[in-house]
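Two complexes, one shared chain (chain A), two partners (chain B, chain C).
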Partner chain A sequence: MATELGVSDVLQARKDYNATLASAGRRERATWFPLALLTLLVLLPALQITGGHNYTLHLVLYAMMYAAMASSWNILGGYTGYISLGHNVFFCIGGYVSGMILAYFGITSLITAPLAGLTAAVVGFAVGLITLKMRGPTFIISSIALLMVARILFDHWQFVGGSNGVTLPQMDIPAQWAKLPYYYGMMVVCALTVWASYRIKHSKFGLGLRAISQDEVKAESAGIDTRFYKVLAFAISAFFVGMAGAIWGEYITYLRPNIFLIILVAANMVLMCILGGKGTVAGPIVGAVVLIAFNELSVTFFGASEINLLITGLVMVLALKFFPAGIVGTLARKRRLPRVLDWD
Partner chain B sequence: MPELLEVRNVVAGYGSGPAILNGADLHVSPGEIQCIIGPNGAGKSTLMKAITGLLPIRSGEIRLMGERIDRLRPDQILQKGIAFVPQERALFPRMSVRENLRMGGYTIRDERELKRRIDDVLHRFPILSERASQHAGTMSGGQQQMLAMARTLIVRPKIVMLDEPSLGLAPMIVQQMFDIMRQLRDSGMTVLLVEQNAVVGLKNADRGTVLDLGRTLFSGPARDILKDPRVRELYLGKAAA
Partner chain C sequence: MLASTLQVLILGLALGGVYALMASGLTLIFGVMRIVNLAHPIMIIAGAFVAYWLFRLYGLDPILAMPIAASVLFVIGVVLYKLVFEKEAASAKYSEMTVLLTFAVALCADGLLGALFSNTQRVTTPAYATDAFIFGTVFIPKGQAYAGAISLLVIGALLAFLNFSRFGTAIRATTQNRAAAQLMGVNVGRVSLITFGIGIALAGAAGALVSFLFSFFPAKHWEWIAILMSLVVLGGMGKLMGAILSAFLLSVIAAFVGTYFGSTWSTMTFFLALFVILLVRPQGLLGDRQEEA
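Moving on, here comes the complex of A and B:
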């Protein structure tokens, strides 16, 4: 039986529904939250005054590194829609450029990281010119091919130590404070990457990238030089991953291809991004924190075995079942995203 | 009044296939709404694609204000002042209304000028203004059609061409669409549309052109075409009565 509704009821119901839809994008951002988070990260090393928090700092540094890399990957994979499974090549390039400068000239990666990022960006630009002619699965395969080529190259390049790699000199700092320069270095890289990701998303360039991800032909007909945009996004993305690699290389004090060039590193960037919400600003950070937290918990409960990979897989399956567009993406669609995570 | 757009004896087809347009003619005057009608397969949408440069013509000529445009690329034709809203509307569903409008003016470098034009268009379409931050994909078909039209206006074209603007829309929304077209005409713009629903199209147009088998059969004031017994018998049927 039909519900008895007057015309005014129907009109009011329509008006309310439309108002809900229209207001969806008008939420005010809680800009204080990222700033508060950054302040907390700045102050966290103060824990070391009481000593014994080296592992906490290491864990936060590690999370910041992946947050930076996933955010950086998001510029290409999330905004532009091109899934790269070989992005750790730029992580490796960054690590080796800064690492070799440190080994030969004694200049720390905290200074040379931008140069390492720039080198990764130049390589990214050149590679992008070739591989970004492809789309979809073909592009994904080309990115894996890039990773394989890089692995062979670095494994056999004796100047950079081949598969044995290179041991890097350490800073002469007491163990209690030894992590701090790299902690702050990685924090700067992470903050810069997230800021750049936010700025790109809200720029005309970012609008163009998002148009490409939705429909490349329509984007082209709107006047976008799609090829240049894609290649530029690839290079920018490579730049930040390269900077993270530079800091990480010196932090762990040695360079070896099997640290940088295993597919797990690239897969982590992708998985964190997808878990958090591809194409959102906060998503890669949320994804990085959640995945690393589950990894740590599994190590705590099950020991340092490969069971953490199983846990990671399980987390991904369950998360994507309930959050198909990633945690941030799905909550935003359902209009249940906490304001503190609405960075878009 | 001098012609704004002239299509003379145009022959065009897809790839090496048979010609769809077999000598089509069209004359569009400034400040009018002209409706092209015809049965399925008459070449109406093909004519639109030929004018906008999406389909190269094999022979004949197309002129905008006397200047030949039939050898120009689609983006060059857009810059000359012909904007096109295809049947599928070509919106970006996961972008907001405002972002879709920005995409319409992507080639405008001056951001302030672009913003001014977007505000101007939003003023013209209050329903879009209310939904500026809503994703295009979540809007109704009618609202999407309005957005598609609004988007073409960002580049301030001389002619707005619409391919089947009433397709899939409720009658009330169709009437709203035509009201907007009249507003555009009254503000000095020219509207050229292809309409499967011939009666509705002609009732709302100033001038009509009947296309069949890729050729122009009749052209004249829309009211005269509506009354023409041949047109009524061949294309309008009982609906025109």
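Moving on, here comes the complex of A and C:
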């Protein structure tokens, strides 16, 4: 007697099989490591009970900000392969939206950050509709032009203080604890971004994005709405950068175009991704930590920001020429990647 | 009213010549090697620095310093190509890779020039920089008139070289079809090397003119990247005549915008033109309707 097998049974069996495969993969995964890292970051401010660790906290906050921004850039630049050299425009938009709300209504950016992110995402979506029509070099050029347009607009928009910027009110907290709200705020943004980056990579959407980076024409003919996918990736990427900008703006207590809209910020995002490994989840974080440590050392030894620029450029040339897959990517290719860094 | 319109038109055209010279090297490099050279504007600044120091130390006229600036930058270009770009021709993600590399080179050069000479505004001041020809109600600053005329001369020489010399033919052949050119016995590697050198040399030559037209400092090149790129995109990537045409076109429009709305917005013209052209005619004025590799 033959068993009756319907299509739904086959689909169910396949689903079960995939689930067992996935759970087997999950058991090998070092999920504990990101969680341990997060716990460590949560507990770190306890150092402040004895005081004198403001610099450490600042540095960690700074690293978390760049980890968030590089991860966010990775969603577009790493998965889709569209290199944006003007992504700090969204950093700036986020900072100014939250900063202006703070200045006029007194609501802290810790609350308004999602709104700032959303604004950045809307702008990103609109800009993406225009610029993502172009592929390769022309898109990169348009992203630089976007940065220049934003710089001119913000430099001359008197409502937001023009090129002099605006000073934001500070929270009334003793100096010892002053950094904490922003520290935790940035930590939430960073964790959210990395989580989103992971989820996107493992979704159908992420698969579509990676298909676009391989061969856009084939992806299109396989039925992927490449235009919508790209623009959505751009908007999502803008969202998290905008949130990071919102918190950073209030943290440093003043907004000025030449803080947000300088090419070095964009260059850092790109370089961290390349250095750590484009298209991997852990890569941007590794890149952010390495590059910030490196920058901090170079500022200690050489001082001037021009030298810093020169070194950033040199690192970028060397990374591109000798490690185009980045630290995580190269190690993974050689099967030497430690399990704790395999977040994909 | 008519006179002032004519006035603005003339000023726009004079500057357009210089922009065309700047964009020609960029276009040449893109045409032959498909490299979008984001480091081009910083090379222009480097050329301006060569002219500046020759002027300051030896009192050499910036226009006479042009060949020297061009030669220095030619050498820099050739060395740069050998060191950074030559091996990348085989890379799979070639165009994306080279853009990032030129970006990194631009960062390096910006940092180096900034560290050496600091980011203060500089300008060379030959006598003609502050003088003007006056015809009735219309005047032309001598500096801009000379710069425009010399740019046209250099561009003319470049076009003649490309069209009438053997090596120029090889360059044009490589631009049209790299593989076919190689099959016809063109040494594509050498053509690429020399063309890169020539492109950067043109940037150096333009830099010497820039040194007395605008005040410059290393970090200024970011603004120029977008300006030059808008010219190249508007003209159609890799099309020399297109780039020259759009240089004059945008320069004149920018001059009018600057006169009626203020100089800030004249820079904006270039960026907005870039977005408009991407929306309306992504392949550029003279570009072919085909996908880029």
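We adopt the following convention: the second predicted complex is superposed on the first by the 299 of 344 C-alpha atoms of A that agree within 3 Å, B and C clash if a C-alpha of one lies under 4 Å from a C-alpha of the other, contacts with A are read in each partner's own complex, and residues count from 1 in each chain.
Note that a contact is a pair of C-beta atoms (placed from the backbone, for glycine too) under 8 Å apart; a residue touches a chain by one contact, two chains touch by 3 or more.
Here the structure is a predicted model, which means the values were calculated and not measured.
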| item | value |
| --- | --- |
| First, second, both or neither for A:47, with chain B first and chain C second | neither |
| Partner chain in contact with A:207 - chain B first, chain C second, else both or neither | first |
| Partner chain(s) touched by A:307 [first = chain B, second = chain C, both, neither] | second |
| Chain B versus chain C as contact partner of A:156, first or second or both or neither | second |
| Which partner reaches more residues of chain A (counting touched residues only), chain B or chain C | C |
| Which superposed partner A:171 touches (first chain B, second chain C, both, neither) | neither |
| First, second, both or neither for A:224, with chain B first and chain C second | first |
| Chain B versus chain C as contact partner of A:126, first or second or both or neither | neither |
| Chain B and chain C contact sites that coincide on chain A, given as residue numbers | none |
| Interfacial residue positions of chain B with respect to chain A in the complex | 74-75, 90, 92-96, 99, 102-104, 106-107, 111, 130-135, 138-139 |
| Interfacial residue positions of chain A with respect to chain B in the complex | 18, 21-26, 204, 207-208, 210-211, 214-215, 218-219, 221-224 |
| Residue ranges of chain A touching chain C (in the complex, touch as defined) | 81, 83, 85, 130-131, 133-138, 140-142, 144-145, 147-149, 152, 155-156, 217, 263, 267, 270, 274, 304, 306-314, 316-317, 320-321, 324 |
| Residue numbers on chain C that touch chain A, as the complex places them | 36, 38, 84, 87-88, 91, 93, 95-97, 99-101, 103-112, 114-115, 118-119, 218, 222-223, 225-226, 229-230, 232-233, 237, 264, 267-268, 271-272, 274-275, 278-279, 282, 291-292 |
